[in-house]
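Look at the two complexes coming up: chain A is in both, with chain B in one and chain C in the other.
The block that comes next holds the complex of A and B.
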């Protein structure tokens, strides 16, 4: 039983790592721009397809492919900000509808470019750390966990220690006051969108060798990310990280000890309970609720 | 890459077009002698299956196979209906495995395109098309006989008796590896997964193999299968059964089984694009993997009992067009159904649905791809509209799918039919339990 618990814990850590990356990106975009980006799952998908193109098709090193994926998806995010979210800044519903439309466009474009079938991504490494006969941690999964921790730490440092980070936080707290202080709303929106999209892209790129890469893979990720950011409190980065970890552990353990369908029900029940007891989310503020 | 993109753009555009005839058929028609067919002698066949989305692997490869079939038939003079040669044209509609789109597609194919027969994957999409079938009397086929019921007499399952043929794989395993005593199973919780769960449970019980645990069901939206696999192998089972999981699940589950150190037997209904699984795990890990769908370059398919035109050449043509690693469970199946439909239409001297259906079912027997078969199913489906005979057991050996044996489904059912009905009832999968 101890071995089963340990293996499940390792599985949960991995799930928490990529879920946190996706959810934090989603929260950052909402926090600064006030837009619910429904296309966030498709940005995750684009990151995975960057791996298909650069690593699987062009045979370039995996880390190069991850860097390309992160940058490319960040640039797509910049395009979304300029094309959809900026013109619709005063219309939050408009931004949401535009993102829904854009997700369909992205799915169609990827289907046209790569086909609709699942893509094959060769394994980066098949090495496994054998802790005991029944507790194993694939090296690549460990790398994903470490990469997520490093990226989130970098984001935290950026937000807390740099002028751009301060500007982002100020814009998230009170856009009008931030503008009166000379902070460019357009610039902070661009930075937020680039970072948020890049985080989704890098999550997709990191996990691509481990999951089925197809044009519709963003769907399940976005559902989980929405549960996480609503429970964590929309607009709360800390909440997103903490709840991503908690949700991943709950979901993974329930899947292992009961089944995956029950795990989904438990996740949605948690969402329901939080919405009833604390509608702003566990770490959310009233302003953004 | 550019060529690949260009090819896929064309494919996608053709899908998005309003039911335009599939490009391959049109191209083939263009190069055929004009004298082969009078210009208005075209019989249109509807292809209503998921061509995009997570279930596309069980639709799109089938359409690709039909294009080859259509080109070959047209090149050979077409279909002789009532003494006149007719060229065949496939009209595709992507239902995205969505019941509402299946209904829209069925209506459009019948009203606007004038098709004479509609092939479907079935499953979750059949309830969408069923009212259209009942209203119009159109002849439909499904790959999933669990869609059959006496309510719709014009729905047939003439090729794949999913999931009943899965019993042959378990029976073969028990006969050849009697040391395997325990099994576990996982499946997605949907219309494809559940009847297969019931079938495998019956097959394991009939074979004297003990289930270590209840089948582990997972949400079809699952992406990370590590928890599922951890649970599956926690009791060190002799056999891990992957039920009828979609290719998107079979691959990551196998990879997880490999990474978590499982060394036992794996059995699955399908192993689409298995070369990719071998690449992600190892040839040693995949050695002995049992499933039910052969590659058609298998020499065993050249036996005279096989009713599929030039299977090895068909596979070679498919592989040259789309790549051998794109061959899947359904690549040949819809084409095989077309063989049956063609024979029925030629026998009836008509392409009208009721006439073709009567001709196909005449005498209660028919020529299935894998040999002579019976129209069967009243016990399980309430109607004898499934064509059931032999089915192959396929094992991966040296990284390549190999047919080990053909086994009779009716013979298994004669011995263990009550077990199957018991488990189907327990999962609410008997025809009179389905809503």
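The block that comes next holds the complex of A and C.
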């Protein structure tokens, strides 16, 4: 029993790592631009397909493929900002609806380019750390967890220590006051969108060798991300990380002891309960929407 | 009198239309008729200012309920359809308690989550919902004869006439609701909710009423769909379908009754004639996504604004001056 709990805990930690990356990106975009990016799951999917193309098809090194995926998805994010989030800045629901339209476009383009069947990405490494007979941690999963921790630490340092980070947080707090201080709202929106999208892309790229990659994989990702950011309090980065970890544990344990669909239902019920009881979320303070 | 003549002429065109079409086009016409009811009900929901992302799932509730009632309990199909609509309305009533504690953006996410829960329940519980494969071999409409016309529901043309009658009556009821004091209160709740509340209007009750009524009609459209195609599954009512409804509604515009219907008809014709004939059917989601973005960006008031522009001489001033004022 202890071994099963330990193994499930390790699985949960891995799920927490990429969930946190996706959710933090979504929160960053919402914080700075005040819009929910419904296409965030599809940015994750694009990151995974970057691995299919660069690593599996062109046989380039895995790390190169991750870097390409991250940059490419970040640039797609810049395109989204320029194409519809910026013109619709005064209309957050319009921005959300436009991102739903963009989600369909990305799915259709990927389906046309790669086909709708599942893609299999060859494993990067098959080494396994054997802790005990029945508790094993594949090295690749450990690498994903460490990569997520490093990326989130870098983001934290960027936001707290650099001038760009200060500007970003200022325009998240009060765009008008920030603009009066000479901060370019367009520039902070671009930075937030690039980082947010790139985080979703890198999460997709990191997990691609471990999951089935298909054009519709973004759906479960965005559902999970919504649960995490609403429960965590929309706009709170710390809340998103904490809830991502907590939710990954709940979801993994319910999946292990019941089944995956029940786990999804539990998560969505949590989301509804939080929306009813405390719409600002567990860690949210102010309400921008 | 002129109005009556226009209406009769329009009705005659609708009755004659299928005879000018091929078999597969007749089938599309049936789907179009059902979708017209769906978008019209969606507009009823948006009257109070809330945009739901769960409307297609509510349609599915009607479809599942009607299919199960006729298949499992042997209830006469038209009665099962009505009960399906009632079930959808009841589920909506139950959902309204959590959902209407939220507004705007939170309502959007909340309705999305509620819809996903319902879809996951269909997927999880093989008995009675059939799991991911859904329900197959749903009882078709039983044939009947009304003297002047014998309905043979193996033919799409018969089902088209049946659906046209159901949708026609439903649209008339929705039109009457909107023109009644209740409908005017819906507008007030949308555009002046504080003022309405201060004037003694129970804002939440009216929001709930609009939601429940709209869900009932959506459920009816789902029941019509289920007994026509004979197979439904959780993916028949997924986000992609919701995007189609959103696109029709936004492209058409929500300020008038006919706006979303216009959007639905124009985009369906565009889809069937242009895309299918040109062999671009696979690109349908792509084109819809593009149209959705472009219309949010460049035509926020929808196709109806073009129609209004064309008739701006007499009709617009007479009929929609009040609505335009309410819109601003």
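Convention: the second predicted complex is superposed on the first by the 288 of 289 C-alpha atoms of A that agree within 3 Å, B and C clash if a C-alpha of one lies under 4 Å from a C-alpha of the other, contacts with A are read in each partner's own complex, and residues count from 1 in each chain.
In the analysis below, a residue touches a chain if its C-beta (ideal position, glycine included) is under 8 Å from a C-beta of that chain, and two chains touch if they have at least 3 such contacts.
These numbers were taken from a predicted model, which means no experiment stands behind them.
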Based on the shared chain A superposition, would you classify chain B and chain C as clashing or fitting together?
clash
Quick check on the superposed pair: does A:268 touch chain B, chain C, both, or neither? Answer first, second, both or neither.
second
Between chain B (first) and chain C (second), which does A:7 come into contact with in this model arrangement: first, second, both, or neither?
first
Let me test your reading of the model: by the given contact rule, A:94 touches which partner, first (chain B), second (chain C), both or neither?
second
Should A:256 be classified as contacting the first partner (chain B), the second (chain C), both, or neither?
first
A:84 contacts which: chain B (first), chain C (second), both, neither?
second
First (chain B), second (chain C), both or neither touched by A:174
neither
Between chain B and chain C, whom does A:136 touch in the aligned arrangement: first, second, both, or neither?
first
Using the superposition described at the top, determine whether chain B or chain C touches more residues of chain A.
B
Considering only the listed stretches 22-30, 40-48, 292-300 or 310-318 of chain C, which one runs into chain B in the superposition?
22-30
In the superposed arrangement, what residues of chain A touch both chain B and chain C?
108, 111-112, 219, 223, 259, 261, 264
Which positions of chain A touch chain B when the two form their complex?
4, 7-8, 11-12, 14-15, 53, 57-58, 108, 111-118, 120, 122-123, 126, 128, 130, 133-134, 136, 138, 141, 207, 210-212, 214-217, 219-221, 223, 251-253, 255-257, 259-261, 263-264
Sites on chain C touched by chain A in the complex
51, 98, 101-102, 104-106, 108-110, 112-114, 116-117, 120-121, 123-124, 239-240, 243, 246-247, 250, 282-286, 288-293, 296-297, 300
Which residues of chain B touch chain A in the complex?
1, 4-5, 8-9, 11-13, 51-54, 56-57, 60, 189, 216-219, 221-224, 226-228, 230-231, 234, 247-249, 251-252, 255, 258-261, 273, 276, 279-282, 325-326
Enumerate the contact residues on chain A facing chain C in the complex.
36, 83-84, 87-88, 91-94, 96-98, 100-105, 107-109, 111-112, 219, 223, 226-227, 230, 259, 261-262, 264-265, 268-269, 271-272, 275-276, 279, 289
